[in-house]
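Two complexes are shown next, each including chain A; its partner changes from chain B in the first to chain C in the second.
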Partner chain A sequence: MNFFKSCCTILLFILYPILGTSQPITVCSTCPLQSIEAAVSKAEAGATILVKAGTYQEHDIAITKPITIIGQDTPTIDGEEKGSIFRVNADSVMISGFRLKNVGFSHTTNYAAVHVFESSDFTISKNIMENVFFGILIERSKHGEINGNMISGESDAEFYSGNGIHGWNSSHLMIFNNKITALRDGIYLEFVDDSEIAENESWGNVRYGLHFMFSNRDNYYNNEFRENGSGVAVMFSKFINMRGNRFYKNWGTASFGLLLKEIYDAEIEENDFYQNTVGIKVDGSTRISYKRNNIRENGWAVKIAGGCYTNIFTQNNFSYNSFDLSYNSKMNDNKFYENYWSSYTGYDLDKDGIGDLPFRPVKLFSYVVNRTPETVILLRSFFVDILNFSESVSPVFTPDNLADSKPLMKPYQ
Partner chain B sequence: MLNILRYSFFDLMRSRWSYFYFVFYLALGFALLFLNNSLPKAIITLMNLIVVLTPLIGTVFGVMYFYNSREFTELLLAQPIKRSTIFMGQYLGIAGSLSLSLVLGLGIPFLAYGVMLSGEITNFIFLLIDGALLTFIFVALAFILSLYNENRIKGFGYAILIWLFFAVIYDGLFLIFLLVFENYPLDKFSLAATMLNPIDLSRILVLLKLDISALLGYTGAVFQQFFGTAMGLFLSTFMLVLWCVLPVGIILRVCKKKDF
Partner chain C sequence: MRRFLSMSLIMGFFLIACEIKPQPINIGHDECHFCSMKIMDNKFAAQIVTKTGKAYKYDAAECMIRHLKTFDEEPELILVMDYMEPGSLINAKDAVFLVSEDIKSPMGANLSVFKNEEAITTLNKSGSIFDWRSIQDHLN
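Here is the complex of A and B:
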């Protein structure tokens, strides 16, 4: 269905110049029309405006009819920090090929390089946005495509910065191939349903690489999130599908690759978590399946803070994490089986690739560190090894039913 | 001093203990690499072993050599040579030969496994320097103990005890202290307590390289500053060198006053 829709959208844009007005309206410094705003007001519905290379000092260009605006050789629109640059309030609008810079900053209004509201079937593609407050702001809109944009801000603190792509109360957005850096959240979605986020790269943002709030039935796959304040936060959402994403080097005292807070029925598959302080932090989640993820060289691979029921961990590789699992209650309702744990020390006598002894991922020391964080300084000391060993022989403090009954001997390929 | 150093060094290099020590590390290195099949994991396991084993071997070996070569030392003392020269020569000879066994014993298998080409080379070199420093520290401690104790059995007993204290008991007390006083701000205390134990200190030095992501998980500002910047690395290296220099100073002082 989605595929059909996107085909239709693409077809529509190909056909627009042909079906619409015969001649595109051209804007350049020597043309009769020298400003985009003038061209927009002159254009009829369905028209195409072609903007030639050059710099245009314009802001708050209001688009209220279905038109296509294309920048040729990346013309620059300089907002001079006075407000938004494009304000779209019409269906079937396309904005492509611009360099949009210097969006205004305000504590009360959300200025954006492209602000889309109450519109559908829009396309925003191949733009470069620099020094923006918000990059692309979408409100109460649906069926939009945001593709191949490069968005960068100059944020260094949360309270006076905006988000790269901000969706609110929208649905059916396709966010593909964007590169986003130095903003608050790379991509922020609040009340955004049935959307796809793929192949984006989000790095060096102040807060999160990607942030979901109250958004349901979304897919995000093959994205890369690295060196953000924290990687991805998924909160209060249902039916989110996360696949093939890369979470790299989210370092810091409260940093994590992926945070799950009050989410239900999600699938987390084939992701790669590498060198994060906490790989996956889970705080209240139910019916989540973790499959075939690579969780390697993190401080904590998975940190579960309680209220987690019927989650399944299987075929994941837990390699060389300082702590494999941290768990703060004695009750366990989650299943672990057929994962690979690099710290597993059992044997496989019948050679079926599955260790004959169960593996207990929660060590006594991780329980101690949970209680008194300063003790982390004793990590990997001889005494702590002795402690962990004696606890693993007969579990007293750690939940005794929390064990991988069939640990793999070799990493899952 | 150089002559005595050379004599002790080659005397030790010829002894079967040195060979044993060398072969032991060689076997350990190959076994680790063979079983783990991956360098980073082998280095982590190696760190656990080095931090525990080198001090043990350093203390036991130091005490043993001191008592065994006592007659030769007395002979030397009768000669017109400065006391500090004699003891420093012996000390450097034994610590140097032990470190050489360690570096060669571990270096050869890891070199054969291609550590040079991997990104782990700095971690590995760090580990070797760490092991060598620990050897120097614990041989010095062993010398002090045996200078104070004429009785061999007592000397050995104390040597084992001092190793046990630094390797296990200290961390146990440290952990209990942290748990008992968990309601108080402890980050400064725990950093200071680590500085006072060379084994903990060298462990932290390696952790700064290998487990930095876990260490950064703690929210204390002091920790953050220590682990997050080059300061931590500098300070702990400095303390480790200090741990080396202080016992040597004590050896020099004690040997001057001692009545043989």
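Here is the complex of A and C:
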């Protein structure tokens, strides 16, 4: 009998939390609870709130306990441009399935559709955010998942827009499968470490598709950045891994697919740079390896400025760029080998797949264009062809050792 | 007399042409000279005009101060945006600088610029206050 009793108590202990949370709190226009705020204040830690379809005029909904809020059939929460919509300051919060629109705008306060601060283990998934100032703003938080959201601003507001996903002083964020458009930066990460950014699509943003500042040990892969002010900027960061991303059509006088500024120890592999004014702009970066990237049909494939040390370019395809490489500093032990250059005109008499003569990717004319951009109008002229040819025969201005010693005859597959 | 007039006209024209003045900062289009970021926020931008009239634009005062360290010659104008009046440039030497985690500037220094200390008091933000000389040491 005693044994049975203790069994019962144990069972009760196991079942109690499950039974306690099994009944979700429902919010709808005909329910006893008609506002999300009321449901949140009634909910106990661990509760689930189910919001039925409809439009709710609410803003600054403060969440200070671990709860799950789920929208059924995409209910709309209209912030009426009065402030943020959700303000999360608790661990283990989940917000999913809402349409959040009309976030307030302010010069001094960063309002967001979802503002998470000093929290961990949060999930923000499958929401649609429209006419936001900031989409998802994460401050001093860690272990968060941001998945499958669609975030858009009002592009006509131009510089009055905030960022789609903005992380500050946080770590271990997983940012997957989001679509972000018409904001300042699609994704902006400042002091964000150990995070993963994958399979996102960021287009038509005023500044950058993705922007790292002072962030270390982050990975971003298989994302698409298209038609932004510029594609991706990685600045003052270490150990950033960039793989399988697509940088498309970032056109404009100061536009680029990828900007690297003062970064160390990065890997840039298997990315596709297509039709950008500058494919990759590098300014003061050290120990970067560029492998198996496709760099095609850009104005400049790679533009290197400032002190860059120990960078390695290998197995990349440089196809049909107006300029393959521009360089305004010394060689600094950067290496180029076994890349494919569509403008290589040498022969491969021993048929080993590698050109018999080294390829010099820096054209003399690129120095002229760097100093006086207007001269680019002469790019296809006979005069410039003679200039480049004579320099390639006897290099005077271009660094002597800046050459691909083993140019591939066929593109790397 | 006529020669004098035309001469003075021509001289006047040259004077106008050489006038050292700040250039408008085109938010959302201009690029910071120091960090290559697009200038996006007219609460934080800055500008230096050299004695020869060349204007350098920056997305943040911290970029300007860091670039200024590389100058050989003192520039003619050192201008920063007033945080309280976005878009209006004020003289950096008379300005008050606030470093506060509550106001995040584009380049991570948490630096904002005000006309005077009263403006900071009205905003009620915590942080440390610097003048032009001490902020340059602070950013080292």
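Keep in mind that, in the parts below, the second predicted complex is superposed on the first by the 385 of 413 C-alpha atoms of A that agree within 3 Å, B and C clash if a C-alpha of one lies under 4 Å from a C-alpha of the other, contacts with A are read in each partner's own complex, and residues count from 1 in each chain.
Criterion: a contact is a pair of C-beta atoms (placed from the backbone, for glycine too) under 8 Å apart; a residue touches a chain by one contact, two chains touch by 3 or more.
The model shown is predicted, which means the values in this text are computed figures rather than measured ones.
If you put the two complexes together on chain A, you find that chain B and chain C both fit without a clash.
For chain A, the partner touching the most residues, choosing from chain B and chain C, is B. Contacts of A:I354 after superposition: neither chain B nor chain C is touched. Applying the stated contact rule after C-alpha superposition, one finds that A:D385 touches chain B and leaves chain C untouched. Of the two partner chains placed by superposition, A:M409 touches none, neither chain B nor chain C. Judged by the touch definition given at the top, the superposed model places A:A233 against chain C, while chain B stays out of reach.
Of the two partner chains placed around the shared chain by superposition, chain B is the only one that A:V278 touches, whereas chain C remains out of contact. Looking at the shared chain after the overlay, A:R207 reaches chain C, while chain B stays out of its contact range. Using the contact criterion defined above for the overlaid structures, shared-chain residue A:A254 touches chain B and also reaches chain C.
By the document's definition of touching, neither partner reaches A:A38: not chain B, not chain C.
Remark: least CA distance from chain B to chain C after fitting both complexes onto chain A is 10 Å. According to the touch criterion, the shared surface of chain A, contacted by chain B in one complex and chain C in the other, consists of residues 254.
Chain C contributes residues 27-28, 31, 35-38, 40-43, 86, 103-104, 107-108, 123 to its touches with chain A in the complex.
On chain A, the positions that touch chain B within their shared complex are 251-255, 275-278, 297-300, 320, 322-323, 342, 368, 371-387.
Partner chain A is touched in their complex by these residues of chain B: 40-41, 44, 47-48, 51-52, 167-168, 171-172, 174-175, 178-179, 182, 186-187, 190-191, 194, 199-200, 203-204, 207, 211-220, 223-224. Residues 107-108, 158-159, 168, 184, 190-191, 206-208, 213-214, 229-230, 233, 235-236, 254, 259, 261, 281, 283 of chain A are the ones touching chain C in the complex.
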